[in-house]
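In the two complexes below, subunit A is the common chain; its partner is subunit B in one and subunit C in the other.
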Partner chain A sequence: MNSTKRELPFRRYLAFSRASFLETLTFRASLLLSLGGSLIYTAVVCFLWKSIFNSAGTEIVNGMTYPMTLAYVAIAGAVTSSMTIYLVWDIGRDIQSGTIALWFVKPLDYFTMNLFNSVSVIVFSFFINVVPVFILVEILVGWQIPFGINILWFVLSVFLGVIINFCLDFMVGTICLHTQSIWGINIMKEVVVSVLSGVTVPLAFFPDALRQVMMFLPFQAIFNTPLTLMITPNPSTELLIRSFSIQIFWIIVLVIAAKSFFKVSSRVITINGG
Partner chain B sequence: MEPVIQINNICKTFKVLNRKTGIKGAVQNLFSRDYKEIKAVDDISLTINEGEMVGYLGPNGAGKSTTIKVMTGILEPTSGNILVNGRVPYKNRSVNAQDIGVVFGQRSQLWWALPVIESFRILKEVYAIPDDVYKKNMQMFSDLVNVENLYNKPVREMSLGQRTLCDILSSFLHNPGIVFLDEPTIGLDVSMKSKIRYLISELNKEKGTTIILTTHDMGDVDALAKRIIIIDQGKMIYDDNIAHLKTFFGAYRTIKITLPNEQFDGADEEKKAKFIADITSQIIAKNEKARNIHVSLDESELSILVPEAEVPLIEVLSTSQEILPVKDVQIAEISTESIIRKIYEGNESKSKLLSSEVKEKAE
Partner chain C sequence: MENTRIRPIRGFLFYFKIYWMIALQDIKSKMSYRSDFLISTIGMIAVNVSGFLGFWLVFQTFHEINGWKFNEILFLYACLLLTMTPNQIFFDNNWSLRYYVYSGDFVKYCFRPINLFFYFISEVIDVKGFGQFFFGLFLLIYSWIQLQIPVTVGNVVTLLVGLLSGSLVVIALMVAASATCFWLMNSGFIMVYIFKFTDYAKYPLSIFNKFFQVLFTVLIPIGFIAYYPSLYFLRPNDFEWLTLLCPVVGAIMVLIAYKIWMYGASKYSGTGS
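Our next item is the complex of A and B:
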């Protein structure tokens, strides 16, 4: 396994990125619908947060202005929808139908294969969803969101967030090897991620104690970190270093965890049959 | 010839929960620790040489797929030794995977939404196939079966036959030493079956690929396999060439009697079964030695399988003529299919004979 990998690092996996990209392009309608959904979501959160800020009566709530909040929430929504690629269902289906056996007889690492499969779709879907929503938000708030180096930090940080999210999804999918069913667990995961990562409500709005706890969990590194970097006009070097090192820390931990969990769990197949 | 697969005394046991039924039972199942062990593969030993084409047969649930999964490295055997291409497959799954091809007839390894040529391109990367090998193989595929016109068709729009054809081709793309074909002709029409058989046999000849073929279609076996291995209930009950199987059971022949057409117009299964039982007992009544004959009915054709070692064919024929309105008669050599069926149906004495013979050979 290792010897073949050393000859061609990741080249064989790039074919999967290409294939899943092509597959996504095949289903044009679903791309447009997902964009439509993101735009409608933006409109909804726009009105929601406008009325929250109106009733608060102040310009700044919990240290965030209305434009910042809207940008945070709307773009979080768009990023979520580009990250929603049903990886957990795919893995679950592979396991339930036994198709996973077909991957076991190929000279591939299942984790890496899925990672390359997912990333290209997400990157593509990111441009389809996030760019239009960003423009819409800027129009709604009168171009008050800074547009400069912060966007670069945001994109970089989203990319790291994608990998963290992938690892979590992969682990949840792996649970299917033990339970043969994935529905409930996945619903639970989605709720936990959407609350604890700051997608539904920005983390700044959480009570202090809870926020402290959440900062120690991997979920906030998926959405809160990139979005905070985006709405901060002049991030300090310290903030940047802290944000990225926390993300990289979680990537290292979760990649190791996901791979070992899968390795241990695939014993279920090798011992008890597919 | 080099042995490419060497299996010694492989066993594979699965732990299965003793399930109870009903609502109460289903709740109990949640907490139950009451497992029973099922022996899916029970002490199988075999050697397969390079370039062989082996038919691997057995009734549903006999343990065929389990053995295949052990050989491909998906499953780890409970006990016993296995070497495929000189490696232990479950320990070196990735390396082993580079040298084998697998087709599961009921699952496709092709990319559903993409034109099939894209799947080939992906597999080229997955197996790191050099350009010249890839080109040569693609050329060979189009020489064997005319498939270029399919290349741009998305897999999901293909017929089952076209998809299977492409699946088989894709499993040969990286020049594997061994290809496992698990029921490749399942659900296909006659002409597609023969096309696929032609393809498999040509690939075996031209590339010298070792092929392990599991199937329920005796047509596949007759057309492709020179050697067959039969397992039942996890045990190997036959391992020899196909000709030997026929001579071993050669003492059987079938009398096919055509009855007047109108006799079974509108008759239901029950009536037919009663008729069969009736005829059987009448023949046995008149001819005591004929107690092991097997009668079956298909439309208006009655088949009587006669073990010639016990009773002369001619005697059964004359008895039948007395009790039946015979329109036409035909005497057929036993087909592979009926031999295999006899084995599957648990012809105890024969199975025992066979297995004792296998043991003798082993010794």
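Our next item is the complex of A and C:
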């Protein structure tokens, strides 16, 4: 059996990326609605932060101007809604219904399969959501957000952030193996990520001590890192190296953690009806 | 036999008794998943706490939003949490409506000699909503004391009326959103959408421009959920006449939403199996 043809390492998983991409395409109405939601969210946070900055009386607060804050918060919202793919629910349902057993007998890695499944959907809905929101933000702040190499750093860094978020989602989904509660676990994860990553309020406005702690957690690497790179006009080489190496560090740690946690947990799976 | 005669309209007491019977079964079945109940309740409170933390963090750096102080924003947020509670606890089955319609199981509700909407809604009581209720109540009492609003019978009654009308608006929005699934397959995303809008009710309407103020008053009337009712307490000298309209708006909206829901249900033709 040694004569099996060698294939590219991830080729078989690309089929999943393609399938989930096509599946997303069939739900166009919900895609458009999610874009509408992102645009309205942008308008709401625009009014909110405009009145906050107006009341403050100064232009720059904690190193952030109003255009920077708006870009940060609005794009964070758009990225969040393109990252919301209900992975925890999918894994939870696989576990509760027992379909997960079918994945064990296939020559596929459950983690990698889900990763390829999710990434194509996220990349697609990223373009649908984030590009229009970015343009709207630029119009609202009169093209004050630089449009150059910073966008490239942002896109690269968001991609790494997506993988970090995927690992967290996967781990949270695995917890459902032990607790049988999907809604509660999922909502807690969403809350923790949205507060600690800077989506609700940019990390720059956190009290100093709290921000220091946040920098040691993986959550800020999902949103705060790419968004900071986006609103910084001329990032220093040091900032770039630090940002990307922290993200890569978390990816390595979390991939190993997620995979081993799943491996340990899959031994305790009990499926109704045997 | 005299008492098996089907009467089209029944008394309040009759429905109350039935409600209790049906809801009790649901609570019993929920209680058999105790860890799920516990985790969901914690999750619910976590969501509310994060909303609170959002404002708290903003007010660490800034001192007011468009003339609104921290405790006033807190009061508004507490009102929102409390008005969301009745919908969360008693109308949670609406989230499952689309599955029942899609799979055809909805037909089981059509063969009972009681009000269709009532029977469907009474089937689920969402206990985790009580977590939200107590957190909202805690915030309300805290901000009430901080703002030094006098505790008079008039104020308490007005607050209750305000919260009740706000709840009716939330219920109406969500009932109407869920009813869309009678026409559109799998319209869950519309419910998620409207639900997200209700979250914007935690901001004072005065921060928006005229266009959005009209939008949030007329088209998607989230202003009536918490903003207009709480103006009575936060801006006692110049609250708007819309504040006085709250109960009327709530009642009319619920009536319309109920009609839409029932109309959709009457169009329901099953799945043919």
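Here is the rule we go by: the second predicted complex is superposed on the first by the 261 of 274 C-alpha atoms of A that agree within 3 Å, B and C clash if a C-alpha of one lies under 4 Å from a C-alpha of the other, contacts with A are read in each partner's own complex, and residues count from 1 in each chain.
Assume a contact is a pair of C-beta atoms (placed from the backbone, for glycine too) under 8 Å apart; a residue touches a chain by one contact, two chains touch by 3 or more.
These numbers come from a predicted model, not from an experiment.
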{"item": "Which of subunit B and subunit C A:139 touches, first, second, both or neither", "value": "neither"}
{"item": "Touched partner set for A:97, first subunit B, second subunit C, both or neither", "value": "first"}
{"item": "Which superposed partner A:22 touches (first subunit B, second subunit C, both, neither)", "value": "first"}
{"item": "First, second, both or neither for A:209, with subunit B first and subunit C second", "value": "neither"}
{"item": "Touched partner set for A:54, first subunit B, second subunit C, both or neither", "value": "second"}
{"item": "Parts of subunit A lying in touch with subunit C, wherever the complex brings them together", "value": "29-30, 33-34, 37, 41, 43-44, 47-48, 50-52, 54-56, 61-62, 179-181, 183-188, 191-192, 194-195, 200-201, 205-207"}
{"item": "Contact footprint of subunit A on subunit C as seen in their complex", "value": "33, 35-36, 38-44, 46-47, 49-50, 53-54, 57-58, 60-67, 128, 189-190, 193, 196, 200, 203, 207-209, 212"}
{"item": "Contact set on subunit B toward subunit A in their complex", "value": "14-15, 40, 66, 69, 72-76, 90, 92-95, 97-98, 100, 102, 104, 107, 109, 111-114, 118, 121-122, 124-128, 154"}
{"item": "List of subunit A residues in touch with subunit B within their complex", "value": "1, 3-4, 7-8, 11-12, 14-16, 18-19, 22-23, 26-27, 97-99, 101-102, 104-109, 269-274"}
